[in-house]
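One chain, chain A, links the two complexes that follow: it is found with chain B in the first and with chain C in the second.
This part shows the complex of A and B:
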């Protein structure tokens, strides 16, 4: 029950992710946006001076909206469990606790105008995770820092109006476009730069965000908790030398022994000692963050191991270790497999080289997909309350009977799912660890023909 | 609503940079201050346990050895005891024999001397008896002869010869 309530508070926030000024956005539906070039989203980071904005304005004009009419809160308010779930798994520049209370996080922002460091609370709180002010053209929209594209916008702290959000068509993809109203004008916003090259709807924009986000905060927290736990255990081995393990020691020891005897030793043999610290680091880092993510309220709920950026870095660590530790035997098997006919080698070599990269990619995707899916399913289950309640909009009440039915379904389903996720937290940590051991182990394995 | 932009799937440079920093630091610090000491302590404890087991096994072996040594000693002691007993028995026997022999010989000496004494006494008695018997015979003969052959020396010597022939044994 307690956990479910935690989700509800988290969800309450995300459900109100947009301003609701009662506009009907339906006029936007069905229009063909594909003809427009919204390259502003995919710029190389330079020359954003008004160009994008003009195009954006043109786009708005097309739909009968004046330059001066910002689409603040024009969205239909219908409860959308999917939207809430996707919102829930995002990373933010501030940590939502409950209602309109946020834990401020440090923001480190880099643009052509230089480096900017501040607390997320400097943006002020206009409700629903939005900031009241623009600071050096940066604004806070639904908990995420964005930047006003228009370089003529004044620097420093400036009060801005409402924030808008619409989905535009670009390269056959439906992408969000955020805007902010200022002095009766509608200004386009840039999201932070991403490394997908526009394939996934991101790309290099006018600024980079190196902030301590919710995910980074969670990672630091997990680091601290794990370090203190293990430090206590490690000290106990000195102070309680020659005695049976006790407390934290006896909690962690079987796990450490399990990783050593079931993962490190089978894959590395006598080299197990060299790779054991990495395997333990990977295992406990992932399991720790998975478990923190399971806590539905502050300081938990962060979807760290369900972020591709995080799993990609971990997979790259394994890839680097595999590559730098690869012995002659390993490279020989990749480049020119011994003991097979030459024509097979011609086929095998490209496959092996592809395999080198596919292995870490599968590591990255498996962890990401499992944890993200777990978070989404949990939020959807909690959302059953609102789905069955059948509220016409986010702000209006639905049927009480439906809500009760939804609650009756949501509680056992959520509890079941959380139990499964608890298992998944350990399984995914273990799988990442054992597969890393298998990949690195194959690279350091001695020839035995 | 179609979610075209799936944020967690988009690689973000900021989050990646922080992950690299935090995980590297985590790996380094945990290895140095936690995993290596713990793994070392576990290994040490395992070797300690193995050593203790080996030692216990050796101690048991030693105990068994000691026990067998004890047995040998015990057996030896038993052997010795029985030998001592045997010797004592023999000594006692020989002593008894000796004593007996000694007693016997003393007894024989005593008996011999007694017999000698008896013989002597017998001889003495014999002599006395002979003398007495001769005297008696002489007296008898004298009386007879006094009556018939008064004063005949031939007669006297004849009787004397007769008396001498009588051997009283």
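This part shows the complex of A and C:
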């Protein structure tokens, strides 16, 4: 039954797009979908189109619920390399290792009902990163914690049904709407609050998420590794005073000297020592996390430097340092450029003020886009195996010949890309460092005209 | 339709950045060939300039996909 349904789903999928509204998809409760039930239970609001077509005459009964339809089961339709790549670069409340095995991470959630701390594993595992239970109205959807909007939903640990996801039009924008089924009803879910003010489709919702997510976990790991490395090296300078560097010392010393001689001294001159700690911290933080992101399995693979929030904070540090260290000449050149006619100054001042903000924005976007693009390309290259294999669904095997051809292409391409990414990891760390130095250096430079 | 236009816009931005970075790389190679002893300075300036051009291209790409 599973194979048949899978085949029918795949067959019908192409002409169907991802908008299922043309058909009657009211809830089909009471059907037995056990054969291909991935999320485990209660498949109300099921939408496998192939299934519908096969039996459309018999089952066009309309169980109107007054709610919109739960669009469950859409996620396991067909192999979609783009979707998998975007999934890979996102941040999650649990760490996916392989198959259905997840490393639990602590969740710290704050809502009107108070503060809640728990492990992500307490949501249970219903496959695909979905949780089995709702805990105090929180649910785990595809590895991300969300909250049931309906305040009449029982608190405590409650078993819930399948999760749905559709795009709805709101204020002329296409926004995702997540739902969960419970007792045959379709309940709307809130995503966590974000501070983007709706620019990236987020906003303040009913709860805040302060969890140790996958990215935070990777960042802490990076801190730990860097701390141990530098602690060892720093100790060695005390215990081996006056002797030639050895071990980790000889790994780190050339890099530190390179940053000092090639970045700090040319831009800051005699003030180099004041800014060197910041430049070194930024450089090693970015390079370290870029390299951890290159490890394709468990402790690695987190896309930390490819997360806009992380790069935004780094860029804000540079912006703050530029602004508070800016001397008289710096501000004079921004607000009232000397040596040009007055009417040019009127044009130049707004441009210079915009430039003040565009500099950190480009810093943020450059690092984010480079690292994210690298991760996406790597995942797409690995996906070639499955694309050439031509598997009709994600849980079914494709053709062996196609898979072998795909593998033969994927291995050299992935290795090539990994080598490029190794280079990019260092170049982007260096570029962030040298541009920060250039921006701060321009603000502290003495006048010479 | 909007997606196609965004992709076209991103592509145009990349063409511009490609020409720019190509020019930088080419000139830097010429400069290093002429003065090999200044290779270190030229290389770090080359990376700095390429990064600045890349920034302009990335703003275009990001805007193309967000608007």
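As a convention for this text, the second predicted complex is superposed on the first by the 373 of 449 C-alpha atoms of A that agree within 3 Å, B and C clash if a C-alpha of one lies under 4 Å from a C-alpha of the other, contacts with A are read in each partner's own complex, and residues count from 1 in each chain.
What we mean here is this: a residue touches a chain if its C-beta (ideal position, glycine included) is under 8 Å from a C-beta of that chain, and two chains touch if they have at least 3 such contacts.
As the structure is a computational prediction, the values presented were derived from the model and not from experiment.
Once the two complexes are overlaid through chain A, chain B and chain C fit side by side, free of any clash as defined at the top of the document. Residue contacts after overlaying the shared chain place A:361 against chain C, while chain B stays out of touching range. Of the two partner chains placed by the overlay, only chain C lies in contact with A:434; chain B stays clear of it.
When the two complexes are overlaid on their common chain A, residue A:117 makes contact with neither chain B nor chain C.
When the shared chain is aligned, chain B comes close enough to touch A:196, but chain C does not.
In the superposition on chain A, A:281 makes contact with chain B only, while chain C stays out of contact range.
Once the two complexes are laid over each other on the shared chain, residue contacts for A:351 go to neither chain B nor chain C. When the two complexes are superposed, the chain touching more residues of chain A, out of chain B and chain C, is B.
Within the superposed three-chain model, A:419 lies out of touch with both chain B and chain C [touch as defined at top]. Taking every C-alpha atom of chain B against every C-alpha atom of chain C, the smallest gap after superposition is 8 Å. Contacts of chain A with chain B, set against its contacts with chain C after fitting on chain A, overlap at residues 200. Against chain C, in their complex, chain A makes its touches with residues 199-200, 262-263, 358, 361-363, 365-366, 369, 427, 430-431, 434-435, 438.
Put simply, chain C touches chain A in their complex at residues 40, 44, 47-48, 51-52, 54-56, 58-59, 61-62, 66.
The touching residues of chain A, counted against chain B in their complex, run 80, 82-83, 86, 89-91, 108, 167, 173-176, 192-196, 200-202, 208-213, 215-216, 219-220, 223, 226-227, 230-231, 233-234, 237-238, 241-242, 252-253, 256-257, 260, 273, 276-278, 280-281, 284-285, 303, 306-310, 312-314, 317, 368, 372. Taken together, the chain B residues at the contact with chain A in this complex read 1-20, 22-23, 25-27, 29-31, 33-39, 41-42, 48.
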